[in-house]
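The data blocks that follow each hold one structure.
Okay, so subunit A shows up in both of these, paired with subunit B first and subunit C after.
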Partner chain A sequence: MRNIWKYILILPGLAGLLLFMVIPLTGTIASTFWENGRFTVNGYLEYMQDPYFLNILWVTLRTSLITTLVCSILGFPTAYFISKTQPRVKMLLLLLSIFPLLTSPVVRSFSWMVILGESGLLNNLLTFLGIAGPLDLLYTQSAVTIGLIHLFLPLSIITLVGVMDNISEDVTQAAESLGARRSTIFWQILLPLSIPGLLTGSILVFVGSFTAYTTPALLGGRERVISTFLYQNAMTLNDWQLASIVATIMIVVSFTVIGLMNWAADKIAVKGGKLSG
Partner chain B sequence: MANRILLTTFTTLVFIFLLGPLAIIAAASFGEASVLQFPPDNWSLKWYANIFEVKGFLDTFKTSMIVSFAGNVFALLLGLPAAYALSRFTFKGKAGLQTFFISPVLIPGIVLGFSLLRYIIVTFNLPIYAALFIGHTIIMLPFIVRVISSNLASFDFSIEEAAISLGASRIGTFFRIVLPNIRAGILAGILIAFLESFNNVDLSVFMTGPGVSTLPIQMLTYVENYFDPTIAALSVLLMLLTAVLMFAIERLLGLSYFTKN
Partner chain C sequence: MAYLSLQQVSVAYQKTNILEQFNLEIQEGELVSLLGPSGCGKTTTLRLIAGFLHAHEGAVTLQDQDYTNVPVNKRNFGFVFQNYALFPHMSVFDNVAFGLRQRKESKSAIKTKVLDMLDLVGLKGFENRFPSELSGGQSQRVAIARALVIEPDLLLFDEPLSNLDANLRVNMRLEIRRIQQELGITAVYVSHDQEECFSISDQVAIMNKGNIEQLSNPADIYHYPKTSFIADFIGFKNFITFDRKEKQTEGTTYYKADTAFVVADHPGSTGREGMMGAIRPEDITFHTRENAAHTNSLSGTIHTVIFLGRSYQYEVRTSLGNFTVNEEMFAPLQPGTEVALTFPPDKWVIVEKTEVTTHAG
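On to the complex of A and B.
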């Protein structure tokens, strides 16, 4: 009796996901390998030699990498501060990190249009101080990178606070009682033990930046990134074949990064376990 | 000590970077001029009134609300039984099933949106509205399943066993014993999923058509054509909504939901 129940209970959700996620995605991916009823990889060969497309791929990867690095560099010390501070301040800072995370990405990207625009805050400041005339800051890849860092930094911070909170006080106290200095504790204990979490956070930020649409759509210029290129082909140019190829590449890159980083995090977690045990 | 000051300064600067831009649009929304300014020369509330003058905003707000609410109901109907079964029973490949139910968050939204467009609207010739409902249900499902599952993880199923052994029916027990105990998780799941759907761009951007669009897509279109403080005013209202929902989620789940990985 129970056996039937448990399957009946998961069946609707399972069917929903199969019908409206797995089948549509499989359809998109499969369509890129079939032409006139035959298996082919010509679509991929063609675009892998197209400098325009390769440039889009490269720009998107570079932007995602910079975003991930900057988020880690800014996020790590901030998370360290939050995890070590007194409970009331910690609560406040966590709420202030979660708030932007829950706020609409349209609102958050728009805020950078106000700052970076031709008569925006930054340009007004630069002209007022006589440093430079109005600069073309908005609608550039740099604007996209700033917008993405702003978008994903809270995610970095929150993931890292979670990891640092999990590092046992016993370990750091043991080190302290044996005479280790604060800086030694940070570099020798906290940093190595945080690396798996740093990698988890990096996966989220990298894949998120690689596939983000709203920020490049609002802040980006002529130069496209892969998500806006997919949208343009699907909706403006009606080239669904190319859009499907781009979609497949996005899935492959995302899943490769997730797989690689998870594998690396596991490896390091084992070492970290040995270190503390 | 010097390190301490350095770290405090660093953290302060990071939070200025995170929240400053949001504060700037809030200030700019009260400007009088028809071009966004910061700081504004004169102050006015007229752009708040203008939100309600632009017909597109009210219409798409309604669409967004309907899609997020109806999608939430569907996601709950699919997700609650699944979360319960996955927490309560043992399955072959249970971990795999749990990952599968969370997997929509791993699929790039823009890819899922395009695939659903191809599949639902073109292959099945369904109206755009149907695609919006279905797509939003799919993206809300993992949040519902995850939050309810983590709530069920701390539920003591022996209470349920006790009720059944005393003669209560399985279904009666679920509604009278299990459900009341995971109320907070269900409510929080609904709110988190709502925010996820209400703010969605990646999926909805493919599912607009004559007379059908969601609020975030309408905002994107507006920003491309106008640069007056209307969007800033609307942003402030959306931030207020977000803040209210955030405090509600914090009350229901605590902040640990966000920090645990």
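On to the complex of A and C.
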């Protein structure tokens, strides 16, 4: 009897997911294979041969992968530092690092516009110091990447701190007492033991930047990414069929990349790379 | 010259001195335990020797070489951690091989050494397991093998058995002693368990508040504790501060109020000047008949009785204060019973007065 109650507890969540995710998603995906009452894959074939769309897909993928990589590289040492501090300082630093998450993406993007614009803070500084003339920073993929890194770095840091907190200092000291240099400790102990956090963080950052709308829309100018392209199809061109196809492609690409990340993480962290035990 | 020596070492943690002008000498091939309550500085001493902590004063030498500022990874000391500290993502083989790989040994040499070492610690056939698949005892064997395989100049143990259950602890300490003697390795062992320290050590250093109060072989410490702190720590529950003493031809008579106690001369405690006597609860004998007029005897009333399993523990109120007495009896005496306590002369130990937590007399 008690077991039944346990399952009843998950019913509300399950119902919500079914109603608001599984059904509409299945509908959306199904609709892409249906045209004038007949099954078809023409929509996909057209997209796959359209250089304009392929370019958008490639640019989005590249931007999100660069964002993911940079967030991991910047997040790793930061998280390591935070995990080594005293509990009180740690709370403060964690709070500071998630602070960007507490402001709206719109506000943040506008701030970057102020900094990166043609007569913005950065360009003024560069011109003043005579390093370079006004650069075209705003409305490029670089601006989008910077905005996304700013947006998602906290996710990287939080997930990594969570994992690094579980790496006992004794383990690194054991390696040290056995003669390992700092670099060896990093590559052979810290990094492999941080893979689970690195993976979770990377998935969050990648999915977030791959599907981000506000930041690319505000900082990317006329350059399209896949989510702004989807919006354009649905809202401006009112072509829901095409928008659904784009959405489906986004889902497939996301899952493929997540799968690849999982596979790579498995390769790097050899068997038994669990943190407990 | 000592093999390992700490000379006038001071270590501070967050501006508080944990060790001050600390000295320790260890001979080659010895297993020396640092024993004491938590906070006595034993772990600090061990981590200082290992190089995880640094002295802001004094010197650490090994075989006459200055080790004070040698980094941990250049010391060639094996360290066995309380929580094993195995690398969770590496197999048993890779864990043990880790130190050898840092030393750039050949693949075949590594393989032979690792397998030999696993054999020595009784883990033959476990090389492909992962730490998460091992029991506590097996994990600690791997940790010991990992520390031993690098042929360390010194082997350091930080409470290695405290996470294991009681039976396993007894087996493992025999194993540790066997391996240490078989390899003739010099070792420093930290524990708060006195039985563990006494059973495996050549020398035991009892530490209190950052000082070594006594460094001797286990039997000497057990029978002739030098200070009241040590006596209290190893189970002397009864202390009396005497008023005066008279040297006799055999032994010394100490007086407290009108009661005289003869204390025999011990080879292990000759020349001790103090006026404090200590005696264990199980060394005081017990008579229900009233005959307290004699020397070394005191009458009193039983106040409380506690069942300890093998014996009963009585709290006896006397004119000189409360005494704790353990007696093996089938049925306990009731509180309120009048008894006479006898203190055998050869069971008294004269100790130097230091900080003691329990106090009678």
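Structural remarks
In the analysis below, the second predicted complex is superposed on the first by the 227 of 277 C-alpha atoms of A that agree within 3 Å, B and C clash if a C-alpha of one lies under 4 Å from a C-alpha of the other, contacts with A are read in each partner's own complex, and residues count from 1 in each chain.
Please note the rule applied: a contact is a pair of C-beta atoms (placed from the backbone, for glycine too) under 8 Å apart; a residue touches a chain by one contact, two chains touch by 3 or more.
Computed from a predicted model, the values in this text were never measured in an experiment.
Look at A:Val252: by the touch rule set out above, it reaches neither subunit B nor subunit C.
Shared-chain residue A:Gly27: touches subunit B; no touch with subunit C. Considering which of subunit B and subunit C touches more of subunit A, the answer is B. Within the superposed three-chain model, A:Ala180 lies in touch with subunit C and out of touch with subunit B [touch as defined at top]. Using the contact criterion defined above for the overlaid structures, shared-chain residue A:Leu125 touches neither subunit B nor subunit C, since it reaches no partner. Contacts of A:Ile189 after superposition: subunit C is touched, whereas subunit B is not reached. Judged by the touch definition given at the top, the superposed model places A:Thr214 against subunit B, while subunit C stays out of reach.
Across the interface of their complex, subunit A is touched by residues 3, 7-8, 10-11, 14-15, 17-19, 21-22, 24-25, 28, 35-38, 77-79, 81-82, 84-86, 88-89, 91, 97, 100-101, 103-104, 106-112, 114-120, 123, 134-135, 137-138, 141, 145, 170, 195, 198-199, 201-202, 205-206, 216, 219-220, 223, 227, 231-232, 235, 238-239, 242-243, 245-246, 250, 255, 258-261 of subunit B.
Listed in rising order, the residues of subunit C touching subunit A in the complex are 50-52, 72-79, 81-83, 85-91, 98-99, 102-103, 130-133, 143, 146-147, 150. Residues 168, 170-171, 173-181, 184, 188-189, 192-193, 269-277 of subunit A are the ones touching subunit C in the complex.
Subunit A makes touch with subunit B in their complex at residues 2, 5-6, 8-10, 12-14, 16-17, 20-21, 23-25, 27-28, 74, 77-78, 80-82, 91, 93-108, 110-115, 117, 119-121, 124, 150, 153-154, 157-159, 161-163, 165, 182-183, 197, 200, 207, 210-211, 213-214, 217-218, 227, 230-231, 234-235, 240, 243-244, 247, 250-251, 254-255, 258.
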